[in-house]
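To start, the structure itself, in structure tokens.
Labels A, B, C and D are assigned to the chains in the order they are written; within every chain, residues are numbered from 1.
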Amino acid sequence: MPPATDPMTLLRAVNDSAAFNRWCGFEVQRALPGEVELAMPWRAELGQYSGFLHAGVVGALIDTACGFAAASQVGSRLLASHFAINCLRPAIGERFVAKARVLRVGRQQVFTRCELYAHEQGREKLVATGETLLCVMGTAATA
Amino acid sequence: MPPATDPMTLLRAVNDSAAFNRWCGFEVQRALPGEVELAMPWRAELGQYSGFLHAGVVGALIDTACGFAAASQVGSRLLASHFAINCLRPAIGERFVAKARVLRVGRQQVFTRCELYAHEQGREKLVATGETLLCVMGTAATA
Amino acid sequence: MPPATDPMTLLRAVNDSAAFNRWCGFEVQRALPGEVELAMPWRAELGQYSGFLHAGVVGALIDTACGFAAASQVGSRLLASHFAINCLRPAIGERFVAKARVLRVGRQQVFTRCELYAHEQGREKLVATGETLLCVMGTAATA
Amino acid sequence: MPPATDPMTLLRAVNDSAAFNRWCGFEVQRALPGEVELAMPWRAELGQYSGFLHAGVVGALIDTACGFAAASQVGSRLLASHFAINCLRPAIGERFVAKARVLRVGRQQVFTRCELYAHEQGREKLVATGETLLCVMGTAATA
């Protein structure tokens, strides 16, 4: 029974081992091979000067969800090379959910895509989108 | 002598008013119109699972430095629309410095660019680059 | 019967008025408000040194399809501010179809997303993805 | 004296072998290891509906110049994985020059950056910026 083949077990372990993820309050709420949902409750410390979710945290959620979607399919020997975020609306909500999925697994690279939703008073709203390109590390390689 | 025209005073006030910036430990270390340096000392809570600086924090530093560079030139009525990050090397260091500058101020948009350097044992190394596109808000507009 | 409200009529007119689009052989094959398909048959002049579709043409197809999707919803007073392309696989095919849609229309900006498919021997394959951020021009404004 | 080590000879050969580059009129006007200038005279066929240089051609110039800068340093076994373009101003000019340089060569990836200038009546103006991430192909690998 290799635990590494269960994406939820793998990703919760990775998530727990990352100090920043714990501080942010990231929770792996769904994990299938190539498809991950990462949630985070709102807290005031996550805000920028207007009280919206900080764009940096928007990016961190999306980048992390994308990395987890990739890891759920090819394992955790991955490094993010590039990520890009579109901020469609001010990120205001009680809870945020990043839904990421793998677009393509190549020999050396994994392409992923993500939507970030804000939940507020029972409504779900798309607030940001993003994409990540990850590099599959060789035996001793880095990007 | 209006304080708003002194970029350093404006940006330190904005930086202090953002809870996430305070938690991260962002420090405005240089501010000229259109040019800003934002520094952050390393702490373990800022790490990902391998102990490098979390890509989300890399993005937050770059996005914030870019926003500050734009604000130093056109004021703080700005919203980030898009940002993109290239992770050139694992972000390892005792201190990180994001150096951002404005590329172009348009009527509705500001384009900025940033380099992120890691300082370690007296050496400075380029670890990431990024760019941001900000939207200049009208009287009541959002993106 | 205002012709401007029919996306297909509007976009075919815009497409025909752009010299580069005509040279490339772009064809508006579907147009609904906020959703457009732009097709292009393969020709050798569109290739790079290995004989695949040139990444520049991949970008042109995606950028154009995104601009058309935005125009189909808000009219043609738009300028592309930013676009980004992910090349998932070598772009090889007899015909290429870019399927773009609007993600969000703001007061000053339109966010769009696109998938580029290659058709070969009756099969459709996703070869690239992209996104565009367009600026809605004011009375006399440019980006 | 292996000719492959002279970037100008290598890149002119690659440029001549790409049908789209020839049609566009790309000219390698400068080539050092990791630094390339690619020029293109304006022609009406390169325009979009307003008569500016088509954003797709802006992207093609930048993507090609970036690819050439990478090839000048690591050879031509490269595929573009990602590129992103910022359109700072309407691209109007008699001649366009894309100046690209390598930011970082990794084991599997090359990061590059580019500025596109328009020349008009003896003046040079920055009209776009861009960046490219290229994948170094292994023995038989693709992205």
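We take it that a residue touches a chain if its C-beta (ideal position, glycine included) is under 8 Å from a C-beta of that chain, and two chains touch if they have at least 3 such contacts.
Remember, predicted model here, so these are calculated numbers, not experimental data.
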Of B-D and C-D, pair with higher C-beta contact tally: C-D
Most distant chain from subunit A, judged by the mean position of its C-alpha atoms: D
Centre-to-centre distance between subunit D and subunit B (centres being mean Cα positions), rounded to whole Å: 28
Between subunit C and subunit D, centroid-to-centroid distance (C-alpha), Å: 21
Junction residues of subunit D, two or more chains touched: 81-82, 84, 86, 88-89, 106, 133, 142-143
Complex interface listing, subunit A residues touching subunit B: 14, 17-21, 23-24, 44-49, 54-57, 59-61, 63-64, 67, 76, 79-90, 142-143
Parts of subunit C lying in touch with subunit B, wherever the complex brings them together: 81-82, 84, 106-109, 133, 135, 138, 141-143
Residue ranges of subunit B touching subunit D (in the complex, touch as defined): 84, 86, 88-89, 103-104, 106, 111, 113, 126, 129, 131, 133
